[in-house]
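Labels for the chains are A, B, C and D, by order of writing; each one numbers its residues from 1.
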Amino acid sequence: MALNTIEFECKSAAPAALVGKPLHFGVVGSGDLEVLMEPKALKGAVAVKVVTPVSGFDELWRRVLATFVENSKLGDVSIEINDNNATPAVVMLRLRQALSEAAA
Amino acid sequence: METMEDMETLLGQGRQAIGLIFDPDSFTENKVGAKTFDDPDFGPGAVVGTAELDGKPVTVIANDADAFNEKFPVVYAGVIGMEEAYKMAQAVYATVAADAAKPKAEKQAIVLVVDTPGNGPGKTEEIFGMNKATGAYQLALAEARIAGHPIVAMVIGRAISGAFLCHGLQADQILSLDAKFGTMIHVMPLTSISRIVKKDIEVLEKLAEGNPVFAAGPQFFYRLGGVEEIVPTIEAMRATVIAHVAEVRGRKANGEDDTLGPWGRGALGAERGGRTVRPEVIALLEKELDAVASKYLPGAA
Amino acid sequence: MSNWSALQNRSFLESNARARAVGLVDEGSFTEFVGPFDRRTSPHLEVLGEAVEFDDGIVTGIGKIGKTPVFMISQEGRFIGGAVGEVGGAKMVGALKAARAFAEKIAKDFPKAKEEEKPIVVISFETGGVRLHEANAGLLAHAEVMDQFQRCRGIVPVVSVIGSKVGCFGGMGFVAAAADVVVMSEFGRLGLTGPEVIEQEMGKEEFDSADRGLVFRTTGGRHKYIMGDCNFLVDDTIAAFRKQLAELGKTPRAKFAEFRRIGSPELVEKQLKRVALAAEMQPKDARDVWAKAGNADPAALGNAPLDDFRKAVKRLTV
Amino acid sequence: MTKQRKWDNLATDTAERMAAADRFIGKGKEVQSGDVVALLEAVIRPGDRVNIEGNNQKQADFLADCLNQVDKGKVHDLHMVQSCVPLASHLDLFESGIAKKLDFAFGGPQAGRVAKFIREGKIELGAIHTYLELFGRYFLDLTPKVSLICAYEADREGNLYTGFNTEDTPVIVEATKFRQGIVIAQVNKIVDKIPRIDIPAGWIDAVVQSPKPFFIEPLFTRDPALITDPQILLAMLALKGVYAEYNVASMNHGIGFLTSAIELMLPTYGAELGLKGKCCTHMILNPHPTMIPAIEEGWVDTIHCFGGELGMEKYVAARPDVFFIGPDGTLRSNRAFAQTAGHYAVDMFIGGTLQIDPYGNSSTATANRVAGFGGAPNMGCDPKGRRHSTEAWLKCGQELPCMKDQIGAMPRGKRLVVQGIETFGEGRAPAFVEELDAWKLAKNANLELPPVMIYGDDVTHIITEEGIAYLCRCGDMETRSAAIRAVAGYTDIGLKAKPEETRRLRDAKIVRTPEDLGVDRNRASRDLLSAKSMQELVTWSGGLYEPPARFRNW
């Protein structure tokens, strides 16, 4: 019953250090999530930690995050997500919004 | 006559409990300090007055589970309605006013005899603001407590959620009859919690063994510091209340107010291992404020 | 346009707790305490396998409006309905305690401080009260907050702000009422018992919780303004709330007692007159009370644009 | 000598029944509400085809309740032919045996019971229709003998005012009365003078003032406060990738949040794209409150309505240049005509769905609910009888690579049928599935066919957060399925997409991502909504819109 924690790394083909300082985005509403992004020297990789009440979607999380990291060319960042059953569409939207917050 | 040994519960018997706790025949209802409550139809669910406890006068505030407030029909079975809550607040303020000139050590004690299932859940209550009534009573109790009046709550029956917040949780110390007498302290019964948080009751019961934060019952509140002492028998009630009034008075005299009231129960909760995160969070917040406080002081840029 | 500037014209109702906290104070002035990066999630939710939030649903911090230091507590309704548990409760208690200590420090170290340089506490409520997953700890935290409110009296004013979706109910309903000042928008709701529970207790004929018009007439900002339970009824923008808070920041601290509705024997007597009126009227609908307050056409008043409402409304004087 | 054949059996039968009912019918055809059960027992015979009026909105609920109270010895085994069965009382008839057979179009809230009753044999199912199909059969082989209809008001002679919510009344009455059937009306009020005559008294046999006004539900009201960011992204894609791409002038909008978002974004994002005056000028829809900002901004020339919408009465009456308004100044809706326009005249249908299979078949069916079709398939299809041309229709037809395989070089257009859907729905249920739940439903409810809302060959565009699949640009099934895979995101179907194939489809503009279309995902926020709350809709309407109480938050 305890919360499910998924941890993995992914790496873009051409990673860039896009997150200069720690940022937080989002609210853990129903079907939504919050994300912390913090710069971290990972040789271009992105460390992901997802905490979610839903189990059985580990592979989905990996794919969504890998796509996000590849498309955004994000690197050297630690990403932590508290999820409450967000769909991949929402996950992608929130991650992009978080990143655009970093650029602002 | 029923003897104490025969009684299995005091649930719904606030008036009888007054007789058991205070000096025999010492209770004068509807008189506190200079204030009298002359209208018998006003706030009938609240019993207020003055009694003697071990020879000393105390203010008594209790629930009457047999009363029905005709003006506000949601008030029955010990429910605290608008009139009841304000009546209780008046009793507290009257106690404070009577002792205004007295030194801290001589402030009259207030004993709350707690057996209430809730606050008035009606339309009229919401239109006129039931929340103010219970809020007013809590502020009055907190004011009296901070002014030095020892306040002890004795849970004899039901101490449920918002009604317990208003009638009980502002006391210096809270005592509860053992659960075997049918005492109930909770926000919701575990069955309801199970339904709302969508977890099996068996799972919750199992979890409650290790973590007292959600389960119903005085024993769980004890582990969280929410109840100072569980009173094992009905006979022991009187002596325990006497002892705690004295203890509270002693601590106040020694300037140990921080060990009493809601704040003191926080520390007790940590001590008993029930609420360990709370002090860490408060300390962290204070530390983080300290680091930036100078920026917010007068004259800072 | 910076994020902060963009926030000002945002709907307060639509904003999240952090946006409200940041937007209500001056640009760049907000420092968050026990924020997301401290990762103080609720251990109790975790055990139950429930989603957690890094701030446990409550944003606490300090900012400034002009020269006024503002201790901010902002509840997040989208996270478990804004319900209060051990961590969130401790954050509220800690912030109130810290505000009091801060105010005492200013009184001691800066005897010549101007009124507007003295702190205020602002609490944006969005909650149904106790979080059932950690009900006992949540309940005990409520009592602590109330105790802190009383301890803040005369030292640092506490302002309740209610303009959120969830409103402010349950145990937090009496906490909010116990503040010095209550500021609401017409979308805010303040009460004790939620509409569903009233329906359950009284029956659908008496109170249909699906009738949101009725629900808002009973506990919404317009009604609370007529009743005097809310002191100021502002537009639904962060800027409008902020403007009201800025004015309060400049208000002499001694004046705050005049805003109160409860907290003294005299105020209890005043409220009891209202209770007597309730008993006498036995209102079927809040509109009966609006009419009693001297509003000839309560239905039209409820429908009128907020500006017209504020101009035309007569508030209950009993 | 040949035997004289009798040619007026229907009329004779009706006359006999009416004679039996005579004692209940007073002046102006008025029947007391307490006599209605007896009246129904007098005029209805076992096995009759009976219609109870009721659609999405107004319901002849009192008459339905009365029909449930008839003596089952006298009235039983009825064949119900009616648009919808949304009330519990509609199904109770089958529970008790008063009714036996059902031909209908839409199940609504009773969809679960419909499925169960079919399975248990309590309902003998004729067929599930679309509205126009069922209306057509009213004039062919499913003409009601007795129709129980509803109206707002009747006058002292029995003329009816159906007004704002005229909906199905004319088609039911016309079919019934002109086959010598019996029409009984429940009205909210009998008055001296009605605003206008919608149904003449001569077509009505009995009128009863019901004890309570008829039940009516604000089904087409979507609270802007509930529109989410992903829905806004889909709406941006629709506006840029379909509305602007084809200059779609006329259309029907479904009732979901996606189309509400589109409506609310016309004055913002739509205006930015320069679509005003080109798109959404002619619409077939109910008076959606979320249309108010676009109407106020002058986008819309004409709206014809299937039915009304609670709270929109005053607003609609005050915009007679846009809506169809009677001489009395109030709206007249008419489902049969609006459906006809929706089927033949509009360029596009756009709406949400629940599931899409690899072939593009689109269904809102779940395994245990017979929800029916309503009107969506009439609009969500390519009308083969259409002969007039418009820019959007022609362009869509020209894009169809397989047209020449069917009709050679002959130019022909095609209706745009657009399905918008997030790849995962509630509870992370995938929207793209190998097999539609409609198959399971067919099995569970003993249906002859899986109930498919929109067949794959009619769907021209699928919009998801991944982009748009332009199915009208696909020449064969393999390409269609590949295009569907490419926008199916992280569903099992979507995971089958091959990157190089998707690349090719994008190059061919068969699949276009938000980036391909120049849609900035980061702008997909509620800031794009011209009204974010019910109250803002009221403000836009100048106080004319009066939202039902359940939608108020002030």
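Note that a contact is a pair of C-beta atoms (placed from the backbone, for glycine too) under 8 Å apart; a residue touches a chain by one contact, two chains touch by 3 or more.
Everything numeric in this text was worked out from a predicted model, so none of it was measured.
Chain pairs C-D and A-C differ in how many C-beta pairs they share in contact, with the greater number at A-C.
Averaging Cα coordinates per chain places chain C and chain D 44 Å apart. With centres defined as mean CA coordinates, chain C is found 34 Å away from chain A.
Centroids built from CA atoms put chain D at 41 Å from chain A. Rounded to whole angstrom units, the spacing between the C-alpha centres of chain B and chain D is 58. Residue positions of chain A touching 2 or more other chains, listed in rising order: 1, 85. Multi-chain contact residues of chain B (touching two or more other chains) are listed as 199. If you check each pair of chains against the touch rule, the ones that pass are A-C, A-D, B-C, C-D. On the side of chain A, the complex with chain C involves touching residues 1-4, 22, 24, 27-30, 32, 34, 36, 38, 51-53, 82-85, 101, 104.
Looking at the complex, you find that chain D touches chain A at residues 229-230, 233, 422-425, 427-428, 464-465, 489-490, 495, 521-522, 524-525. Those residues of chain C lying in contact with chain A across their complex are 3, 16-17, 35-37, 41, 45-54, 76, 78-79.
Chain contact summary for the complex, chain A toward chain D: residues 54, 57, 60, 63-64, 85, 87-90, 92-93, 96-97, 100.
Remark: chain D residues 225, 526, 532-533, 539, 543, 546, 549-554 touch chain C in the complex.
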